[in-house]
């Protein structure tokens, strides 16, 4: 870029509208991004952010409106055309082939060739360079993606987008899967790209990030653009008001006054992924679980839920010895598990909202004749958690992430569980829905449930937990009180010594 | 007055075009053979020959015991099953054979070609081939001829190199027998339904071709020619549909009898009188014929022909003359001789014209009691 | 984007349009069936006489039963390629065991049903416990059954079915006013069809759909994924056994009776709007798909489409029908 | 970490090379069995027959490898084989000069059928199972309508392909190996191969990464049909004529799928390869050969074949699971 402040936008979208099956998702949205600019897009779940990004990257075609790239009108019939036009995108969902190597994934669709054949050496070398450029030499070009952790996979996604040499880079919630310290790495990367004159569209639910990184912010609500402001002039409160249309309490619900009796206790519980550990979940209490990516937090929840159960030690529920060998046994014993991978493990996407919400009741306690009362209860629960859908018989795949999460919640609430295991319950969920879920979790605790909540977001972990355990390398690294500091959690998680100021 | 019947008249479900398989000379030849007298032992039709011309086999003469080989197209239907049992039993009758090696091609042409090659490596003294399809096995058989005396039976090959080719009169004779029976028994103008197993199989095509000649000359109305895949349920469905459409069907012609019982049952189920019907020599049909007093005929393609190649092989290895080609008689079962062939102790799909009752292991090996 | 205010309010027009015609919907097959029925009616008006119609249903019953069984397997995300050979095996077994002895009828019917369920169970267990894709499991079972039954009978069916056994596929309650004869096959079809619909309405059916849609989610919601899939195979095996009883009764003993039925049944199910891969479609659709296929065959027969061309026409119509369903799902 | 990066992985025994292990064991066990029976599995004639039988199925299976890797499948191959054998033999009509036009005609027709398959699957969104089944039915109808048995004639010069051999190795087997080698290069080393495996691994990921998945699938089906066409040519040369039932009776549709899966490919796509398929084809051929030598009843052979296919895939699946648990 020759001039530091070129007059022309890299990408301009004007009057963009899009409907799915007759339901408008975007209407009349204008947005542009300039060279070297980070333009953040925020909004509630289902506001249409991802849809807008997909239009800009050729995945969807707009029903109305125009796209201009570098001053020239553009039509992007497919992702390939968008790549050719210089638009790269990191999708909200992972877009990797687990069975292929990192290099093959990075250059998928654009493999370099020599004499008609794929030049694998060049491909690997180039991938290694790109990985080095983002400071992720840990990942090797010939690693199979299947063998990588989630954060590392996210790195591959980023490298894949970078390999395009795109002038416009779209990042749709790139940090959703990252822990706080990994986010820092991403920040540095974004700044470097910015300095190279690349225009970035940045979608995130984490307002702190938005304020740290962006130059301008566009707020979407119900598929319309509410406002576009310079970040310098914006305040978090103002932004939230635009997003949800009302004021929101920014603090977490009050914590438990005191813990009830022990509901679940684990002594020496371990398996292939977990070193033997002791743990107690008490009625009325939220036990937060902190730790880095791959530290074994999910493995703990999965062991408690019998997915890959404990192979050693003892586990009791309400004083009775249990050892769930399958999720089914756990569910019937009164345990519920909200998984971190909503689409892969939580939902049956082609089924209706109602069927998804009824799934656990039906699966765990099947009946031969339709149970009207149960259906009514679940309908009420769906309303109570405020699922926004076209109807209870809408297919769940067409709901936004936040609403999908609420459907999963309703499913478990219908079971009246004694123990709830939440794995990243608010990942990828907008502020409004997040607050609602926090309220719900606290509410459940108050009603006497024992809750375990895994979160990679430190403010959430600290704000919600009555007690915190931190995991490291598949073992419990320590326990902290609910009002511990971020540093205390991090030092336990990373294993660096730190003065605990309780 | 039946509207469906008038509607069907314009459908013109006649006998259709002549099959590309129809060869006038072969047809004439077979029709002539039907009245020829056979030479050979009267009670052993498998040793008889029609209009034989013998060939000299002295050059194949060698001392026993012999290693006999057989490349079989497959045993995928009851006819071949019964035939193969016949052949195995026939081999047992002759101590001159020290071994009998069989390769089964599972109805695959290319496997049979390999099988022949394979067998040639096993030191055969004579090779019997029952080709899966005519024409395609010619090169393999020619290769084999160069090494051992070859005897082909059932279907032919397009080469003269085998020492002899054994088969009954053939498809034209079979098809004509049934069709002529119908032209006799069904009143002029009556409806005839032709049921065929599959298109594209030469032995079956010639049967239909000959029947077509007979029907075209007759006053009968062929209301439909349908393929049944040899499936009883499908046959019944088709016949029921026709019964519904035309009200009456007076005659049923078949190119193979496997589904004759099902076709007759369709009349029974619809509450209609049985038509004049052409079947084959399978026990289930013969029994039904006897029990229900059907107006029926059963042309046969006798399974006893499976005995003949073994006999021929022995003669050749002993240097005795054999007829070439070896045309076997092809009897037809009629009301007059029906009782001779019905045997309640044999399985329903057993072929009565097997000539096997004198063979070792009968009836157990053939599934009888 | 418009949101209805009531979170669980009635479906909007836009949504329900997709639901009515898209993948998994029964309406396309209903439309095709109606067209075919009208065409048959024009060609042959007395097709609609109650006795003729019942006779038609009787002939269609085995395929409908098979399609219903296949539906359970397909909707759970699997295939059952073994049903055709299972039907053959069952008929041949029944004939050999009964051997014309009427007294053996009922015990043999029990054996036939038990064998069908057992084959389904083996298919299910191999698929779910040994993690063999069902396409392969049932392809293997297909080879095994064909081979075993031929080996057992020495290559040609033996024995004979009793009239009592054949009654179910062949006869009916006679002398019913106006209807004439009510075939037992139609009654059996009605009972099984109702049971299938009830099963799909029950929790079992909903969980089955969920398993076909996302087995991991179904498992994590407390579902017995392996169990449910296995039951689907058992149902399919049982349906094949019933179809064998009907077909054996209708047509008698032969090795041809089941040939190709697996493909016909799968085609019927897909024609009924059920999506291969699981999670979408209804058992009513599957059964209607089978009825549609049977109607199509009847129509081709009535139109005098030459036997050899029938398979081509059939292929063309299936492609067209499925393509229409697929295209509708897209818009 | 840099030290770790330098370590090389030891080659793994997994589903794609497991078939070669199985093949080795089968050869040893089979060889002993046949020897005790007084025959020889490795004699000239039996080896030739074995390789010969492998060739036809092998060429089709290589094509089928493409479709299965791409997450599709082709049930029409059997009829394509019959059709192309007829086209070849009828075009040649016994004359040497018409061999080349015949080959071109076969390739054109089979390619066109593949194109139709591909278009039905991608543009009309018909499931591959149904689409190729339907196309198969269409061709079947045409064959049954138009042919009453073998037709056409192949000149003697063209029969060299079906009958000649170099030492114990039939020319047709070399053709199979040649086709497999080309396929291997295409799958491993070409951009198309990368795109194909990506499409089979995850269609959406491939599409979002800029792969033209429709075009990939269309080409995949064309390749599969072309392979079936080549097999048709080979069969025409072997049979000396075109045969309208040779494909269906040979069971090339399901057997080719079985061979590919025996080779360790995952039916859902994205995993597997030509090397495995070659192993799968050889394994089936060797089992066949052993049974042939032992003159085992063909029906019982069928049973064993079914058991072998299921058992092999079960072993692969269990290994995969054990690996997942161990990780």
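Which chain is which? They are A, B, C and D, in the order written, and residues in each are numbered from 1.
Going forward, a residue touches a chain if its C-beta (ideal position, glycine included) is under 8 Å from a C-beta of that chain, and two chains touch if they have at least 3 such contacts.
Everything numeric in this text was worked out from a predicted model, so none of it was measured.
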| item | value |
| --- | --- |
| Contact-richer chain pair [B-C vs A-D] | B-C |
| Inter-centroid spacing, chain C versus chain B (mean Cα positions, whole Å) | 36 |
| Intercentroid distance (Cα basis), chain C paired with chain A, Å | 43 |
| Chain centre separation in whole Å, for chain D relative to chain C (CA means) | 31 |
| Junction residues of chain D, two or more chains touched | 144-145 |
| Shared-contact residues (touching 2 or more other chains) in chain C | 155, 306-308, 310 |
| Junction residues of chain B, two or more chains touched | 75, 199-200, 227 |
| Chains that touch, pairwise | A-C, A-D, B-C, B-D, C-D |
| Sites on chain C touched by chain D in the complex | 126, 130-133, 135-137, 139-144, 146-148, 150-151, 155, 263, 266-267, 270, 275-277, 306-316, 318-319, 322-323, 326-327, 329-330 |
| Complex interface listing, chain B residues touching chain D | 19-21, 74-75, 101-104, 106-111, 113-115, 117-118, 120-122, 132-139, 143, 198-202, 205, 227 |
| Complex contact set, residues of chain D against chain A | 1-2, 5, 185, 189-191, 193-195, 197-198, 201-202, 204-212, 270-271, 325-327 |
| In the complex with chain C, residue positions of chain A that touch it | 19, 21-27, 46, 48, 222-223, 305, 307, 326-328, 330-332, 337, 339, 344-351, 353-355, 358-360, 362-364, 366-370, 379, 382-383, 386-395, 398, 411 |
| In the complex with chain A, residue positions of chain C that touch it | 1-4, 6-15, 17-19, 24, 198, 201-204, 206-207, 209-210, 213-214, 216-224, 279-280 |
